[in-house]
Structure formats: C-alpha cells, structure tokens
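Some structures to go through are shown next.
The same subunit A turns up in both complexes below, where it pairs with subunit B and then with subunit C.
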Partner chain A sequence: MENGKNRKYTEAPIKVLLAKPAIDGHDRGIFVLARAFRDAGMDVIYAGLLPTPEEVVDTAINEDVDVIALSLLNGAHLTAFKNVIDIMNKKGVHDIAVVGGGIIPDEDKPALEKMGITGNFGPGTPLKIIIDHIKKRAREIRKLRENEYR
Partner chain B sequence: MNIDNLIEGILNGDNRSIARAISLVENSDPVSRERIIKGIYSVGNAKVIGITGPPGVGKSTIIGNIAPMLSDYGKVSILAVDPASPFSGGSIMGNRIRMQKSLSRKGIFMRSTSNRLYNGGLSEYSWDIVKILEASGSDFIILETVGSGQSDIDIMNIADITCVILAPGLGDEIQALKSGIMEIGDVFVVNKIDREGSYIAIKDIRETLNLSNKIKTPVIGINSIDIENYDKFLDYIVSWNKKNYREKYVRKLRQIVLEEIYNKYAYYIDNMDYTEDTLKRDPYTTAEIIIDSMNKIIDKSTYK
Partner chain C sequence: MEDYWKLKIEGIKNSFKNNTEYDKWKENVLNPWNKKTHYNEKKYKNSSDMDIRELYTEDDLPDNMDKILGNPGEYPFTRGIYPNMYRGRLWTMRMFSGFGTPDDTNKRLKYLIKNGETGLSIAFDMPTLYGYDCDNRRSTGEVGKCGVNVSSLADMERIFKDIDLSEISTSMTINAPAAILTAMYFVLAEKNNTDLKNISGTVQADILKEYIAQKEWMYPPEAHLRLIRDMLAYSTKNVPKWNYISVSGYHIREAGSSAVQELAFTLADGFYYIDMGIKSGLNIDDFAPRMSFFFNSSINFFEEIAKFRAARRIWATVLREKYGAKNPKSMMLKFHTQTSGYTLTWQQPLNNIVRTTVEAMAAILGGTQSLHTNSYDEAWALPTDDAVKVALRTQQILAEETGISDVIDPLGGSYYMERLTSEIEEEAYKYFSEIDKMGGILNAIKSGYIQKEIAETSYRRQLNVENNNETIVGVNRYVDENEKPINTLKISDIAENGQVRGLRDLKNKRDNRKVDETLDRLREAMRDDSINLMPYIMDCVREYATLEEISNIGREIYGEWKEPKIY
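Here is the complex of A and B:
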C-alpha cells in the first residue's frame, strides 16, 4: 500500500474475524489460518478462546469486518453457528459474509449453507482453497457496500 | 446508507455507523474522508488518553482493566493500532483478546486498526478515527500504539495525556536517560511490579525525571493481575485537564498539506524516464528539476 495513491474501497485489505463461538479449545487450526490469511495480505482479528456468540457479532460490528470465519471442532456447529446467524439477523446485519470450518460431516453442510454459511472446510483442505473462498466472499460483500455510498 | 446518514449515525452514537465511517476513512478515497470529517469536526469534547510502551509490557491488559473503571466517569471508546506485515501488508490484531470480556459487559466501542506500515507508532488516519470517536459522544478515548520502540512518539501529538507503560528489567539508568519515548510521558507506569527489579526500575525513571525538571510527573507501579495501585493511575487520568488542541491541529494540517503536495509530484516521480543519464545525476539535482518544472506549471495554471 503506497502512500499518496488514491485507494478504492474495494482494494483495501480484506478484514477477517476468526472465531470459535462455543466451548472449544482446539485453536491450532485457527492459528494456522490466521497466519495464512495474514500472509495473503488480509487484516486478521482473532476473537480469543471461548467468546460468546454475542461477543462475536459485537466484535464483527465494531471492527466492520468483511468476513466472519467460524471454526468448531467439537460438533456443536449446527447450534453454535446458528446462534451467530440468529443474533446477526436480530441486529439487522446483512452485509457481513459468514464462512465455516472444522469437523463438519458432509450431511450437515446443506443445512449450514441454507443459513448462509459457506465453505465448511474440513481438516486437510489446502490453504489456497480457503483463502480463495474468503477472497471471493469478501469481494461480493465489498461490491454490496460500495453501492451503498455511490 | 449514504454519507449524510452515516454522519447522523455517528452523532447519535450508533456503533455500526461509527465502524463503517472508520472503514471509509481508512480505506477509501480522500473525498469521502474529507466529507465525513467536515461533517463532524465541530462536535465532541473528549479526553484522549495515549497508551504507549514496548511490546509485551501489558498495554492491552491495562486498557482491559482500566476501561471499565473509566466508564463510571463517562463514555469510553478504544482505538488500538497493531503493526502490519512488511512482506504481505496483512496483519494479525490481537489486542482485543485481552479486553473482550470487559468490553462486552460495559458496551464499550473498541476498534483495532493496522498501522499499514506507517512509522511513528500510529496509523496514517489515527487522527481522523479519534475525531470520529470524539463526535460519537465519547468522554474518554483510549488510544493504544503499536508496541513502540524508542522513537515512536507520534502519540504525544494526538493524545492529551500520554501514559508510557514500562516493565521491570528493560534496562538500566542509561536507558532511562535516553531521549525519545522516555521524554514524552505525562505519567509513567511500571507494570508487573510483582517481578524482580521493579523498585530499581521505578527508581531509575524517577531519578531521570527529577534530573530533567519533571518532578511532578508521577511514576506509578501497578500490577495487572491483582489490579494493584490502579486507583492511583485512574485518579491521575481523571484529574488531568490539559488539552492539546494546537499540537493536534498543526500535526494534521501538516499531514494533509504534505499529502496534497506529494500527490502532485508523485505522478512525475512514477512516470519519469529512468535512463542512464538520469541515474548518473544525483537525486538532489533531479528533485530540483522536478520541483522547478512543477512550479512553472502551477504558476501558470492555478494561481494566476
């Protein structure tokens, strides 16, 4: 990012919030992702261990992130991810993309996609696929927001 | 939501509008930045508390402890700056982890920004962001710098009160004598006083301050684990009533003008023909040539 150049909103670094919105301490994967996203030129915020869904949404609003990346490895994704989506809907937040990941069985994926949580990558997914997916979602969100101000 | 609605939202203290306005200021073109700042400039009267110090001394932890205490005296907002990666431009912002619990409980607005490789301990648009937070009705704005080195002293020009956080074991009295960050504090806080050598650290700083005629500047030893001595620190912050209007204004003015000038010349620098002859000439002469030729154009077009 050079000084003095006129930047466009769509070209600014993508802002991602990484969160594990339930009782789950397996944070190795999310650290790997945090570093990978940073090396891909994104601004990464990690919500820390054991945040409540309210805290996750609060953080996402305050930081004005483009993408919330949720990760759970304890099998509570159908309830915990849904809590986050419900709170977002209640607060009227529709311009933040939500992606998921963790130990998610194939049969749960359609239910998650129906809520608007895409990706749902499991262990062993190449980092490049995840980064590309985040970039794609962020681009959609940026487009949506760009139109609001013109 | 267009910018007028956004400004209205900021003035009403709506978190989503504040957050979006900050993003626009950080990321967008100068036009929307200018419009936002023009719309809100005259509103607000906040005390800006600068927190600076080397990495790992406990700046974020102290903020996490002191922000809920401060919120008994008025509305608190927090802006934290974290360093960007010089290789990818990305960043990992971890300040929030240390304070999230207290923030959610009290409904405190907190924003972390990447410094986007800007030197001096803050980001390029920290002034604008502080202004937005001020207009949103905050009484206190806590501004945390990146873990700073000896020369990251931008904070003194933005903050009304600069708190330098230190820890035991960072150096001897020669280190305390040096210029830079050891001169800018309005209050010095030594965190982790349960550690060995904390009294020597306090003594060294105290002696240096006495030598440089700052006998009234307090040195407070605190311990963030059992919240020891926080009341002294809090009292000092709350009772501080010096404002820093002029410095803030001058600094921002200088930045805006420099940016304008740079934008004018940047086109030439980027599009010049770098032939053998140019590279043989020393850069001082080349700079003079660019400035001279630009001055002629400016004389003709804008000012006459």
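Here is the complex of A and C:
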C-alpha cells in the first residue's frame, strides 16, 4: 500500500466502513451512526443494503479503512459476522479492525470477541461510547500498520 | 394540482382565530405568576417539532368546525368512519406473529386464537421478505429468525393447518413478493374449498414505503408497481373482501420520521396508488373502498390521536374534492395500528408494558380498526408465549375494563385536540405541495429526498436523547446498574435445517415439468405490460413452484434495484 506509507497515520481522519452484511433492512441505526461518526471527524463509507461478505471486505480493502463497523438487527450476527471474518482471514487482511453492534444477546458476545469482533454494542448505547471505542481500535490498527511499514 | 394543496393550506390557516383569550390570560395571570414562582423555560415540542403552548382555549377551535369534524360515519369522518364504532364491533385484536417453521407458527396462531385474538397477522422471515428460498446461500442463518419461513405453497398449508380461512381474517406483512404470497393464500383457500368471495384479509404490498423506509425490495419500483396494479385489479373483481394493499406509515415512523412525516408520506403513497388504479382503467369507487392503511402509534399521546383524526379528514377530503369519489366508502380511511417498536427499550424491559399501553390507548382513542400491541421483550428478540399474552391482555383490559371504548371520539371538541388535528393536517398539506413540486412521490423517493428528511429527524431525536433534552426512562435517566437478562425466545438452527430438507423433498416430489411450464407462461406474460399476472402466478403456486423460482422470473425481466445514496 504505497499510499499508506506517505500518510501520517496518527493525523489523517479515521476511516470507517459501515455495513449490514446480511438480509436486513433495519437501517435507522446505521444512518444515525454514519452522521455521528462524521460529526466526530471520521470519514464514513456505507456499504448499502444487502452487501455480500465479499463486497464488504473488498470495499474495506479498496477504500483503505481503519475499521469495519458491522451491524445487524435480524438475529443472524453469529453467522453473518463470521462470514466477513472468514473472508478477511482468507485474504490475509489483519490490519483492519472489526467492531459489531445490534441486537446481540450477552451469551453471543464471547463468540464474537473470540473472532476478534469487539464492542458488540446493544440498543441504547450512548454514541460517545461507540465513538470512543472506534477511535481506540483505529489507534491500535494504525500503530500496527506503522510497525509493519517500518 | 399544486394550487389545490395551496388552497387547502390557506383554508386551514384562515380557520384559525386570534388567540385573544390566551393572550389575555398570559398577560394578566400567567406572567405575573411566573415572576413569583419556578417556571420551566424549556421549549415544549412534539415529535413533529411543533411548538406546544401550555394552554389551549375556545379560540383554538377552528371556526368551520361543524364542516370539518363530521359526526361518526359522516363525511369527512374526522370523528370515526362508522356510526357505531366500538359499540358495533371492537377493533380487531391482531397480533403480528411468525417464527421458525410453519409448524411453530401454526402452534402460536392457535395459542393466540385460544386466548381471544380475533384476527391473524403473519410475520415472515427476512429471506421470504426478499423473495429468497430457505436453501439460498444468502438465507443461511436467517431462516425463521425474524418471522416464519415460506418457500412454497406447502409451507402456507402448514401455517394455516386446521384454521378456517372463511372464519377469520388474515393480514400478511409482505411487500416485494406480495403477489406471490397473495397467490398462495388464494390457492390455499381454493384447495380448502373456500370461495374466494368469502375470504377476508389484507396484504401489505405497499412497495413505495419499502423504498422509503423498510428497504425490502426485489426489483425497480416500476416492476413492483405493475404487480400491485395487477393485485388491485384481480382482487377488486374476484376477492371482494380482500384489502389488496395496506398503505403503511408504520415503517416510515420506525425508520425515524416524525408523526407529521409519517402521515404525509403515507397519504402521498396512497394518492399514488389511487392514481395508478384510475390509470389502469378502473373506476375509483370500485377499488378505493378496499384500500387500507397501517399506522404507528408512538409515545406522544395527544400527537398520535390528532394524527389519526387528521388522516381520516385529509383522505376523505382529497378523495372527494380532488379525485371526485362519490361512494362514501372510498373516502373512509380504515387503518390498522401497531404500537411503536422503536420506543421499546432493551433496558428494564418490563417498563415496555406501560409504554405499549399508552400507545394502544392513543390508537383506540384515534379510532383504529385493528391493533397489534408489542410485547415487552421485543427489544431483545421475538416475543415468548408469556410476553405475547401480556400484550394481548393489555388490549383486552383496555377494551373490557376501562370504558375507553364506550364513547366515540371522546376527545373531539377538546381545544388542544382540535387545534393539533388542524395543525398536523396543515403540515401534511405542505408536504404534499412540496412533493408535487418534485414531480410526485416516486421522484421524491428516487432522488432520496424523503429518505433524507427522515434521517434528519431521526438524527435530531437521537441527539436530543444523547444531550438529555429528551428522557427515555431506564436509558438516559433512572438507569439501573444491575440489568439482568430476561428469558427470550430462542430459534434454533433446527428450523433452518428442517426447512431446507423439506424444500429438497418437495422439489423431488412435485411435477417439475409442469412447474417449468407455468414459469415459462409467467415469463411470457410478464413481457406484456397489459396482462394481469395474478392468474399466472397462481398457476405457478398451484404446481408448488417456489417463492424464489417465481421471484427470479421478475429478476430476469426487470433486473434488480440499487437505492439512491443518502450517505
């Protein structure tokens, strides 16, 4: 990634891809997040409805994002989030953070964490908590990248 | 046309009198009082961002009230569409249900009927809503999760096993593949030897609000609109007690709109369907009476009631004045209501019973024809048997213990209610005018205008919550540090595996040559826009062609749809 080399990782705006990686049209929350992230100074890309996991990962790579934020309200998070992670692993993508949110029961959270998906925020979570978490993950990722490029 | 809306807006403005009484009271009584005591300076607003005064007086009654109210059963039906309202027949208690396999759902429906439910309402899972079979790769992990899975007529037969379709009405919340599910229901009735003239119910089929809010589509708008036209024409002729569409504001509201936006965008969609029916050569008074509506009842009590009253008045007025309808039934706006899912909180879920009760009361005072009350656990998952029973009992308590249904439109004539009804009506007319300037609702949707308006309102509200300008009990106030998880309904993967196996068996058992023949005939017919597709779809369904096989014919011919970017 030649572009990345020249960029000052700590200063450029955080770039986030928002995606609902399954058959799920409940997009009120994701639009609120898009606005809130943008107001917090981030670059935001929304994957649109019904993207396949391949499309999500490809967009993330092409757009050189720091964080993929996955959201589902349809109960399919265990399967659908895993599909995204599997494809990232297959493509050897390890320098993009993945965070999750939606209607996620507590008992599903350990499984998601184990896949490397953090956050997993439920309904009613204050925006600030989500934004802080994204910033934290982005910082980690940029550190990781810096070390890799060194 | 724009002139008509302007005329209406002017008319409402002119009906407002000077607030002499209020001004006098404020100056002489309120202001001196406030100087001496604590006074909350905050601006009071409702969901539609309207300013709310602390007092309404006789001056707030519009000066043409006798004309714009109408007694129950009389034009313009502000006070109710039937002369006897709930004394004639209570609203239908219709609980939106569906999960897992068709057998799971059949059991839930019978449980609800046993507990006094008076109408059925089917919730389908995400694959079904998008026209995919359970064995499609996209469906993995989603089968039976958000509703019941239906991949073919065989599944419908199981959902309605031992339920007499001529005895109870059914509502089906399905939009993109609405024509296919409707065809399945009609064929099911035929197979049970029930005359199509005797079945009653509603299919949602409102595709415009899908592009606006719920986002469940298969094809570009024109293709879906053609199918709606075909359902409209077929039902008008053959299934006289069938509501071929339920023009829905519910999802618009859930997507984040205000009450006024919900009302305005829904009625604008309704006008579009009226135009479509007329364009297809039908007489308005033949098809308008079977158009039905579906609204949200949210948490701002008086605003919701005023919205329902304004909806009836606008629909009646515009159908008569602008469209020239003659039959009063064409002018009567009948609607189903669901309490707001968005207002349910994940935190302290039992509080949701209270929210639902208040919202249900607004729907009843607003004169709804049928009602779904949400269960307290629905911010967590689909409801358990116990939770859904409380929700149904809420309606029964309201109906039979409180006296709320004894008197028609008991808030009619209230200074505040009448003023609010007129103001909401005025705001809706402003939107109609705006939408017309854009070349109609379809253009306003395609350009993303409507979606942006809603996203804007939704974000504004979220910020109000974040900044504590708006309270949500248990979320940003009165927070409980020790939230305990509740028991929720679990849908195991057994449902998915069972459905996939069942579909494989079906494909082996059915006459595949006949399936192909009927699908070929449908493909041919679809190429000619003048042909009504309903009989062709019913033929496919009869041979057990699957939901996806039939949907794919449309995908071949019409292609798929990408939404306009609003971000």
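Simple rule for what comes next: the second predicted complex is superposed on the first by the 143 of 150 C-alpha atoms of A that agree within 3 Å, B and C clash if a C-alpha of one lies under 4 Å from a C-alpha of the other, contacts with A are read in each partner's own complex, and residues count from 1 in each chain.
Simple rule for what comes next: a contact is a pair of C-beta atoms (placed from the backbone, for glycine too) under 8 Å apart; a residue touches a chain by one contact, two chains touch by 3 or more.
All values derive from a computational prediction rather than experimental measurement.
A.B. asks: With both complexes overlaid on chain A, does A:Pro110 touch subunit B (first), subunit C (second), both or neither?
C.D. replies: neither
A.B. asks: Is A:Met42 touching anything from subunit B or subunit C once the two structures are fitted on A? First, second, both or neither.
C.D. replies: A:Met42: touches subunit B, not subunit C.
A.B. asks: By the touch definition at the top of the document, which applies to A:Lys128: first (subunit B), second (subunit C), both, or neither?
C.D. replies: second
A.B. asks: Between subunit B (first) and subunit C (second), which, if any, makes contact with A:Ala80: first, second, both or neither?
C.D. replies: second
A.B. asks: Where on subunit A do the contacts from subunit B and from subunit C line up?
C.D. replies: On subunit A, the residues that contact subunit B in one structure and subunit C in the other are 34-35, 44, 46, 48, 52.
A.B. asks: Help me check something: in the complex, which residues belonging to subunit C touch subunit A?
C.D. replies: 126-127, 129-130, 132, 138-142, 145-146, 214-216, 254-256, 342, 345-347, 379-381, 455, 458-459, 462, 466, 472, 475-476, 485, 488, 491, 562-563, 565-567
A.B. asks: Going by the contact rule set out above, which residues of subunit A touch subunit B in the complex?
C.D. replies: These residues of subunit A touch subunit B: 1, 3-9, 12-13, 15, 34-35, 37-48, 51-52, 54-55, 58-59, 61-64, 93, 145, 148-149.
A.B. asks: Sort out for me which residues of subunit B touch subunit A in the complex.
C.D. replies: 1-3, 15-16, 19-20, 22-24, 26-30, 32, 84-85, 87-94, 96-97, 100, 103-104, 109-112, 114, 116-117, 124, 259, 262-263, 266
A.B. asks: Provide the residue numbers of subunit A that touch subunit C in the complex, in ascending order.
C.D. replies: Listed in rising order, the residues are 22-25, 27-28, 31-32, 34-36, 44, 46, 48-50, 52, 74-76, 78-80, 103, 105-106, 122-124, 126-128.
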